[in-house]
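First chain A sits with chain B, and in the next complex the same chain sits with chain C.
Entry: the complex of A and B
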């Protein structure tokens, strides 16, 4: 992409495309002969399809084909026995309500939609259970260990402590629901050459999945995904609906576009699983933690297992000699979950950080003082030093900014008419990762630099961050630097997830820039030029239109000696109306301790976005299922409430902005996850401080406040 | 032939409806032949001939003549027929605001507006906001304040933001938040969007 209209070095490099409507998302590519797919979905929750009548649909105007388990094209992976991924159209089994069972393809979207309504299925129904709490309580229901049990010191030591807290915390299903609807354009051409326009967090992952399912060489598959309208984790895998579309294109020999409905976004592209957690904390009367027990149960599906890091934080976040954790997954008859921003850590942090606040209250301590008192110097889980950790400074800066001194430790102290004001704090933490990636750099005699990598940008500003890294290293103006991504033919990079893109790809950009600089220096020396000569002059003198280099980059061994995490501290002020039970988040200060900040403007936006997501998690978001039918009943934006403008106050973001000496050459740690992890607990803690009511079941809706 | 009732478009009822409408509307055809064709199951093919309606509208100061089925929304007409994909589909139910356009200067969820109801109207989409290469002040302000992340809700936010000021609903941050609440941003760029609107409002540029 080109950089146009540059006014500020910090502006998003693709901003101009996004504000003019020129940014093209997957569904916006025009292909000759493009057709439209619409899914037919199961109307029962569990059972077998016994018949599928597609005659009326096939006769409807404009319909080209109806593809289902009855007539699907060859997909060799699915012809094999066993294996856990759902084999779409290779089974007549229904695993959840709303599962795709056929795709109708027509020459317009409206005709495909109408024809899909004409497909009639009959089923042999089976008993089902979509109720996670019911499955958990049922001794006969299947349960699986989600992570090995962890124990340090004495198990359940909290039970013998001077001061004890033992509480149960409940989270409902939450859904990603990025604004862009999911789907894909698939174009299967003769000789098994496939081009797709995908909504994906990993073009290489999409390429590999399609290659595996259809057993064709990966290089036959071109995946394009330049602009992605949000992901939050849901685009970290290739979903059955995408494979269905590729099958449809293979079947009819034309490109097929599928864009699923908002209602389908709730059922077939994953969710943050429901969770029930128990946290036990023990402390001395002086406020030293002596025992932490964190036990978690997470919802999963019957056809694929899903696990995440729900109990990770308890193992290292606080200084404590006795810690034990357990994590179990409980399959129910729903679509399989997938990591949602902050993934399991956000789930776990709600429980742990609520319990920490409860303990501080039990000790009659300021929760900030209690956290500082129990802040660890080293990682007790791994017995390693932290590569960098500035959490005490973060506590101090955030507390000053929010006006923590106005907080009263006694709940319900700040009252003005029906409004009660409270302050809450919580911590978020996530692995600071660095993976392996390749970047190609092309330095041109016209003064420009092109960088290429098969990474993605789902919104954080990948291209902007990479451009700024190159800008600093090469001293090339940002409007002369282009970063190309979202194309599987570019040098390989991992999927965008786990807050690792800037660290991973940025390191490769760093290596490419250093290599280009040294090549220029050599050329300068060889042509008797000053070592500080401008690269344009050096290239021209050597009659070179450009030079290029590709570098693969990954962390060295030194990192093994350190424990590496990004941290966030969320400070929240809430106002709770004691007549209506309404909670308004009135002030937010989020402090990020995530190493060096490369792109301040987009980094700030990412922290703000995490806080907004946290408001939804804390106050409004809950996917509700009618367990009699196994169906979501609020699967739309009118009934499932994501935060809107009116829910969100001004948000202050503070960065510690100190480079981490270990993680990567930039000293930058990830921050996509920490922006959200812990936030919901800060709100719950603030609600308690405002009202004295401890809400342990999210979301904190008015009914719970009034009942509490 | 104005039936936007979805029940009219289901299976047999659609077929019966077509028989009747064929008799009424197909002056140039032999009604009995059309009815016979319907009975033989080729009625759905005939539907194509009768269901399209001529439509004239202006989009971003350019006149368009189209022939559309009555069930096509303004949003799908813009995206799929006119290839103006800056207007986004986020829910198709008027719940998210991603499809916001101006119809005769008023902000409208284009997913809730059937294309054929826009005969003779002037539509402005995100593609029509800038004056050539000169960005609209709201577009500039969104870039300056980073009023987006993934960018998918952005065209709708910008169209709504311009209308919000024109309507006189941008007199305070609280008022802006209230009148922008029909435009969802899942990335959570709200505070930056409000900053952008405040700046444009205070800048006093003619919108």
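Entry: the complex of A and C
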């Protein structure tokens, strides 16, 4: 029979598990005596809980306990002074609407759900504000510097330029909402030994957070997270709800499972914060940029500060002697945001790349020519060369593929009935990182190789990438290589974030493989075998069932001499109906310039996922709050619109696929973030090219086209 | 969600009898709306009477009417050869609704009785006159982008969310309803209500009644037909505005015409003035524009939904134009 899976070596190593249901996600673990937690949440936006009546809930069938600030188990970190991070169940303070105020634990999920509805809280309400724009406009409202101001050359030089663009761009709150709901299973056993099944982008981070809060040794805590049903950044921290579950387990001495609801996904696990940005650009009549000013304001919370790299790109993406940036965060009475795919850069790129397009239009230049004309040879911000950058080649390849020559520089030129066609382009960029990680390799006489590291796979295909690295180096077939992850007892690795996993863990895999090879070569030499002998023969000859090695790997000093980034160019064709305001993305070409591509299929999947997320950011996604109540209005998947298949055209992905000589031994730079960064601007620019309407507030819904 | 009893029945009579026995019980058909409402705490029936096994799934022509059983699934109706051939407008409207998975279980009766998608209605912590009369309308001064522009009242500005019902209103359907003793028929146009001072009432079905079927007169509206749905994404979203347009040409003039709009009112909104204007006229853009203008008389926005004042007439023109191009 034809093997439907593993048609070639580039297939996902866990694909068959995922599509047959064998992959086990955190919520699927059955522990003896497992109980079920359901959170009770605040219904006011700010204030103090004056009473919490849990009697009816406690008497309800199957209920084991209700844990709240009234009977909190000890969490030494929370006994200390200071307010951050949020101390779940430690005070009666309510910081935002939908904040967990108690957890009801019962012997079934349904009973816990019912009992949770019986808990009654009363509050002393306080005035609140959840409206970021209102806080921004209010001189009395608190504002904090999010990043030191940056200045190169003359401040606000754009104001004296021949040609000027000055515009304001607005992004709403976006939510990650991966398919898999958030939660945790916590099992606190005697002698302070804790096992959790988590949904996390970092098993070591989860382990350390729990250790810190409860002041127990990290070795006491076992974190398992083999499969994660999507994270997009929201699983980069251990949320209060997870600590609440650990507390509940400690309190009742039984394992507790908590899976939050889709609605709670809007309030408990962060979001991409709303942002308002101003970009000023100045250029000569010939099209040379002479000034860039990027000022950003990001929404944050009152109980924890959140910052991200919104204004980074303006500092180095274009050749320009005069650049200044400022980034301010504005706390409001909402749950704290968190990084969401392409974190601040995706926010910033929407503004900057829209403004670049506006400038090209003001100059009557093709936006692609304008970008090429202002493409820097070196990084002016850090005053260093780029480790590798093939952006001009990327522009060319993408332009050919999408048929850029069909584009007319004059907006509204391509018309067919009510439909107008337009083309847009934009750039995405993100730091190419490499951190420190350890990997253990076990090479066995049965011909197999096992690699282990406490990293995660939130979906990109970590195991597949690592397997392919080892496959190339060791010449072992992929089906003989196993990469184990998602287990805190494995050799330490950083959290999966910032597009650094392949670079960081992959380098350690590389080092482990090289070390295993040299051990085999030594053994071969010592046993008078040919240097090219197969490792199986060498191990057998030496009567060794296996050999193993653990390596810690990190970048050398050389990298400090370079500026390292991954780049993406997004080309988009849209069709806009000028009667109904409907926008259809009709073609996509995304070009990735991120060094050597190790795993072509999963890399392509990353780019596709980024483009789909980008369509959502550009056209559909917006979490709406009624600021009179501080509550979300569209907190479900019927009303919070992520793109569906019908919104997504064929996506063509092109990789430059040239190794970066500096970043790591594989020459591979990260690409999870760049897949999304910049995409929304490409759509907005294409909409402008189609219609002459410049939409500066996302998402670009039909009402905005009609009003534009 | 509270505990509830689940009962299953196999005849219309016993279903109604069970309903009469206990005021706090409810029929469940596909459950695609009811279960959501129960999860959100908006409804809390003590008994669910499963009517899926009541034999009301037939789709057939009897005389000059097409009968569709109340328990026929949305996809069964949409895909039925009889409907595709003779009532393509209905098929198109159904296809535009929800998702394939939902349409496979959602029923005709349930679709008619689905509740508004107003976010305030679904959140028990918010004011809403429909859910809890007297608490005020959260939407009037709040997030009302999805809300009505016709037939509103100071009590409620919600819209009826169904696509199917827009086509049924356009097609002059009749609703056949039974109680323990008798059957009655209501014109589709009279089935749903405007909010007025009774925003908690969506329709004129009495609490002891079961929808048996809908009947649609066979017509000549099977060629120049279009259901246009404008929404925030290409599929699986409720209408911002939708238009059901169907006309029959004779001697280059519009002989019969039906126009109804969704996403604009508390009930399917029939565009009678526009229909009357277009009757006997040529099917051209000037006439479509004039008709769209007439259709908009009396429309009123509430802020965030003001764009519908522009979108709705445009959608009427676009729907008529697309209907015209059908060969």
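The rule is simple: the second predicted complex is superposed on the first by the 700 of 708 C-alpha atoms of A that agree within 3 Å, B and C clash if a C-alpha of one lies under 4 Å from a C-alpha of the other, contacts with A are read in each partner's own complex, and residues count from 1 in each chain.
What we mean here is this: a residue touches a chain if its C-beta (ideal position, glycine included) is under 8 Å from a C-beta of that chain, and two chains touch if they have at least 3 such contacts.
This is a predicted model, so every value here is computed, not measured.
Peer 1: Name the chain, either chain B or chain C, that contacts more residues of chain A.
Peer 2: With both complexes superposed on chain A, more residues of chain A are touched by B.
Peer 1: Touch check for A:624: first (chain B), second (chain C), both, or neither?
Peer 2: Second partner only, chain C.
Peer 1: Which partner does A:110 reach: the first (chain B), the second (chain C), both, or neither?
Peer 2: both
Peer 1: Given the touch rule stated above, what does A:326 touch, chain B (first), chain C (second), both, or neither?
Peer 2: neither
Peer 1: First (chain B), second (chain C), both or neither: which does A:651 touch?
Peer 2: The answer is first: A:651 touches chain B but not chain C.
Peer 1: Quick check for you: in the superposed arrangement, does A:703 touch first (chain B), second (chain C), both or neither?
Peer 2: The answer is second: A:703 touches chain C but not chain B.
Peer 1: Touch test for A:638: chain B only (first), chain C only (second), both, or neither?
Peer 2: both
Peer 1: Can A:577 be said to touch chain B (first), chain C (second), both, or neither?
Peer 2: second
Peer 1: Quick one: is A:604 in contact with chain B, with chain C, with both, or with neither? Answer first, second, both or neither.
Peer 2: After superposition on chain A, A:604 lies in contact with chain B alone.
Peer 1: Under the stated touch criterion, which partner chain does A:399 make contact with: chain B (first), chain C (second), both, or neither?
Peer 2: A:399: touches no partner chain.
Peer 1: Common interface residues of chain A with chain B and chain C?
Peer 2: Chain A residues touching both partners: 110, 114, 117, 638, 643-646.
Peer 1: Which chain A residues qualify as touching chain C in the complex?
Peer 2: Interface residues on chain A, with respect to chain C: 43, 110, 113-114, 117, 418, 577, 579-582, 584, 619-620, 624, 626, 628-629, 631, 633-634, 638-639, 641, 643-647, 701-703, 706-707.
Peer 1: Any idea which chain B residues touch chain A in the complex?
Peer 2: Residues of chain B touching chain A: 9-11, 41, 44-45, 47-48, 69, 71-72, 76, 79-80, 83-93, 95-96, 98, 125-127, 129-130, 133, 135, 139, 142-144, 146, 148-155, 158, 173, 176-178, 180-194.
Peer 1: Okay, in this complex, where on chain C does chain A touch?
Peer 2: 1-3, 41, 117, 119-120, 123, 125-126, 138, 141-143, 145, 228, 230, 232-238, 240, 307, 310-311, 314-315, 317-318
Peer 1: Inside the complex, what are the residues of chain A that reach chain B?
Peer 2: Contacts found on chain A: 5, 7-8, 11-12, 14-25, 27-28, 30, 56, 59-62, 108-110, 114, 117-118, 176-181, 227-232, 259, 261-262, 458-461, 601-602, 604-606, 608-613, 636-638, 642-646, 648-651.
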